[in-house]
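Across the two complexes that follow, chain A remains constant while its partner is chain B and subsequently chain C.
Take a look at the complex of A and B:
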C-alpha cells in the first residue's frame, strides 16, 4: 500500500477518535491493528511492549478523569484509557511496517514535495545514531571540565546546535558534490506507485470508520 | 509553494538535525515524566507531568522560528522533529505527528501575529502564549480536558504557559544569545 495514503488514513482515524467517546470503537481499532500487525509478522514481544509502554500515561489519564472529572467520570476515564491504546496500535501499523525512506519517496513522487525537503530530512535522519553518540560526547566533555550539562543548560543545546550547523553544511556540500541540484527535476531509481487500490482502501477505510462512529449501536 | 523557495538544502538539514539533537536530549527526561506521572496519578493530577515538561517538547519549534527567521520555520522545525520521533523509538505513532503540527503551528502563530518582525521578548512571549493556547485547545479534545473541573483546567493552563515561557522563551533566548555571541549564525540569520 502507498505509504502516504496509509498515513492519511491513519491520520484521519487518529483525528476522529480524538473527538468521539466510544470505548468499544477504540477497542475494535486496537484489535484490528493487532490483527494487521500479526499478519505482517510482528514479533509478539513487540506487541507486548506496545501494551506495556502506554500503561503509565493511560493510568494517569484514567485517574485524572476518575478523580477530577465532571459528568460521567467512569465513561470518560475508560474512553481516554482505550483511546491511548488506539493511538499507539493504529500508529504502530504504520511505523512498524513502513520506513521513512518509503514515506519520503511517496511524498516526493506522488505529492510533489520538493526533493530538497525529502532528501534533506533523510540525510539528517540517517545521522540519528551518530547524534545520540554526539550528545554523550558533549556531556562527557562538559564533565571533564567539571560542568554538569543537564537538559536545562543552554550550553548543552548551544553545543548541539554548533554541531548541527557544521554537519548540515557538510552534508549539503556532500549532496551537491554528488550531483544533487535543488529545485531541479530528478529521475527516480525507486518508484513509488499510487494506484486506484490505494484510493479504494482509503475511501472504504474512512467509510467504515463513519459507520463505526455514527451507525453501529455500540453497547 | 512560494515559501519553499526561501529554504536552502542546508537550512532543511540544519532544522532536522536540531530537532533530532533535541529529541536525543529529551530522551534523558523521560524518567522525570515517568516518576512525576507515577507520583501524581493516585491523586488524579498526572496531567501536571505533561504540563510541566510540554514547554521542553515544544522548544524545537519555537527555537527554529526564532533562529532561522524564515516563514514556516517554527512549524517545519517541530514537524520534522515529530516525524523523526515517530519513526525512531516513538511509540505514540501518528498522534506524535498531529501533536507536532499543533505545537509547530502554535509557535508559528506567535511569529505570525507579530508579523515576523519581533525577534525579541515580545515575539517569544507571543509564541509561548499561542503555543499554549493552540496545544491546550487540542488537549481539550484529545486528552479529554473539556471534562475536567474548572480549577484544574486553569491550573493546567497556567502551568503549561509557565513551562512554555521558561523553556521556549527564556531557554531559547539564552541559547540564541550564546549563538549570537559566537557569530556562527551570520550565514542564515539575516534572512
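Take a look at the complex of A and C:
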C-alpha cells in the first residue's frame, strides 16, 4: 500500500476517534490493527511490548478520569483507556511496516513535494540516533571540563543546536557534492506507485469508520 | 578531460581580516595527478571548495574555469559531472542511511536511467574493492571504509575532475595505499584529473605529476621536479621510525586493568575478550589499522559505550565510580576537535578550562607562552568554529592540557597538523608532563615527531590488543 495514503488514513482515524466515545470501536480498531500486524509477520514479542508499554499511561488516564472526572465517569475512563491502545496500535501499523524511505519516495513522486523537503525529512530521521549519542557526548565533554550540563542547561542546548546547524550545513554540502540541485529534475530508481486500489482502501476505510461511528448500534 | 584555470583568484572569509587566498594564478592540465601541499590552515580546503562551487567566488575576485567555461556560469546540474569533492571528515559526506541508497541518490541526481543504476553501483563498488559493503549502514562503517564509499560515489557519478581534501586524515596505511592505487588507475585508465590536498607526503613521490605548494603569501607555486626528491626525502626521513619500545614493567603501578574486555560495533566483533594492564605515569601509544576499534576502546574507557568484561581504573571498577568524579580523572581528547568545545570564542574556552582546572601548573604566563608556541596568539577573540582544522586541533589539545586530568586519552592528536605544529605540540607536551606527571594514552596513525613521548606500544589488530616491542 502507498505509504502516504496509509498515513492519511491513519490520521483520519486518529482524528475521528479523538472525538468519539465508543469503547467497542476502539477495541475493534485495536483488533484490526493487530490482525494487520500479524499478517505482516510482526513478532509476537513486539506485539506483547505494544500491549505492555502503554499500560502505565492508560491506567493513569483511566484512574484520573475515574476519580476526578465528571459525568459518566466509568464510561469516559474506559474510553480513554481503550483510546490510548487504539492510537498505539493503529500507529504501529505504520511505523512497524513502513520504511521512512518509502514515505519520502511517495511524498516526492506521488505528491510532488519539493525533493529538498522529502530528502530533508529523510536526513533528519536518519540523524535521530546520532543526536541521542551526541547529547551524551556533549554531557561527557562538559564533565571532563568540570561542568555538569543538566537537561535544562542552556549550554547543552546551545551546543546541540550548534552541532545540528553544523550538520545541516555539512549535509547540504554533501548533497550538493553528490549532484543534488534543488528543483532540478531527477530520475527515480525506486518507483512509488499510487494506484486506484490505494484510493479504494482509503475511501472504503474512511466509509467503514463512519459506519462504525454513526450507524452501528454498539452496546 | 578538463583544463582547469585559476585566474587572479582571491578569497577572504566575511569575518576574516586577511585574505585566505591572494591573487592565485595556476593552470591544472588534464589527466594529471596534482598534489597540493602546505601547512594546515593555509587555505587548501577553501581553494577546493571554491573549485567545486560549494563556496561561491565573488565576481570581482577572479575566476575559475573548466576548459574555458567559467564555473560561475556553469549550470548547477552540470557541475557534479565536471567536478566532485571528497571531504576530509568521513562522517560528513553522506545524506542517506546505507551505502547503496547513497549511491542511488547520487545517480538519480545525475539523471541516470533507473535500469542502469544497478550496474553502475556494482561497477563502482567493485572498482574500489568494497562490493561487500553494499548493503551496510553508513553509520556502522569505519573512517577508512567511509572514504572508500565516498570514492565509489565519485566513480559512479563519473566526474571529470576529482578533488580530495586531506582524504586520508583518519585512514590507515593499508586503506590509504588502496585508495591511492585506485586514484592512479582513475587517472591512467579513465583520464580523470586529480587534485589532492595533503600535508603527509608519504607515497606520493612516484605517482604524482605535479606538486603545488601554498606559499606564505597565500599564492600557489608549482614545485619544480628537481626539488621533489629533497621535498619527499625530507618527509620520508622524519616519518621513518625503527624505534623500539620496551615491554612494560610488570611491577609498575597499573592505571587501567582490562579483564576479559570485549568490544562490538553493531554485530561486528572488534575486540576479543582481552586481559591487559596499562601503566600509570607512562605514555602508551596505540596503533593499528582503522576500523580495528581503537576509538571504540577509548569510548568504552570513558563509559560512552557499553562493553563486556571489567575495566578497573586504579582500584575501582569504572562502572561503580560516579560519572562526575570519573570524568575529572580520565579525560578524552576527541578525534573531532569541535566535539570538545563548549563555548564560542577561543578566549572563553581558555577561561573555562582555567576556572575548573585541577592543578596549578598552567599560570596565565604559561598559557600565553603555549598559545604563542602553538601559533594561536592573536586568535583569542575568534569564534572557534571559524578556525582552521589544524588550529582547532591545537586549541583543543591546549584546553585539555590546561585541565591537568591525571589521565588523558588522545585520539589522533596529530590529525590535520603540519610538521612544525607537530614539533611545537610535542615540545609543549613534554615540558608539561615533566611537571604534571599525567599519563597519556595516544592513538595515532602518524608517528612523525611523536616518538619521543612514547614509553610503550600497543598494537590493535585483528581483534587483538597486545604490547609490541617494535613498531612495524
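Assume the second predicted complex is superposed on the first by the 219 of 219 C-alpha atoms of A that agree within 3 Å, B and C clash if a C-alpha of one lies under 4 Å from a C-alpha of the other, contacts with A are read in each partner's own complex, and residues count from 1 in each chain.
Following the convention adopted for this analysis, contacts are C-beta pairs under 8 Å (C-beta built on N, C-alpha and C of every residue); 3 or more make two chains touch, one makes a residue touch a chain.
None of the values given here were measured: they were computed from a predicted structure.
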Combined model on chain A where chain B meets chain C, clash or fit: fit
Inter-chain angle, chain B to chain C through the CA centre of chain A, in degrees rounded to a multiple of 10: 80
First (chain B), second (chain C), both or neither touched by A:143: second
Which superposed partner A:67 touches (first chain B, second chain C, both, neither): first
Which of chain B and chain C A:214 touches, first, second, both or neither: neither
Partner chain(s) touched by A:162 [first = chain B, second = chain C, both, neither]: both
If touched residues of chain A are counted for chain B and for chain C, the larger one: B
Touched partner set for A:196, first chain B, second chain C, both or neither: neither
Contacts of A:80 with chain B and chain C, given as first, second, both or neither: first
Which of chain B and chain C A:185 touches, first, second, both or neither: second
Overlay on chain A, chain C to chain B nearest C-alpha distance, Å: 5
Interface residues of chain A shared between complexes with chain B and chain C: 119, 123, 155, 162-163, 167, 171, 175-176, 180
In the complex with chain C, residue positions of chain A that touch it: 101, 119, 122-123, 126, 129-130, 136-138, 140-148, 155, 159, 162-163, 166-167, 170-171, 173-181, 184-191
Touching residues (chain side chain B, partner chain A) in the complex: 1, 4-5, 7-14, 16-22, 24-26, 28-29, 34, 37-38, 40-47, 49, 56, 63, 67, 80, 83-84, 86-88, 90-98, 141-144, 147-149, 152, 167, 171, 174-175, 177-179, 182, 184-185
In the complex, chain A residues that touch chain B: 7, 10-11, 13-15, 18-19, 49-50, 53-54, 56-57, 59-61, 63-71, 73, 76, 79-80, 83, 87-92, 94-95, 99-100, 114, 116-117, 119-121, 123-125, 127-128, 131-132, 134-135, 151-152, 154-158, 160-165, 167-169, 171-172, 175-176, 180, 182-183
Contact footprint of chain A on chain C as seen in their complex: 52, 54, 76-77, 80-81, 84-85, 87, 89, 92-97, 101-102, 104-114, 117, 139, 153, 157, 302-304, 323-324, 327-328, 331-332, 334, 338-340, 342, 352-353, 355-357, 385, 399-400, 403, 405
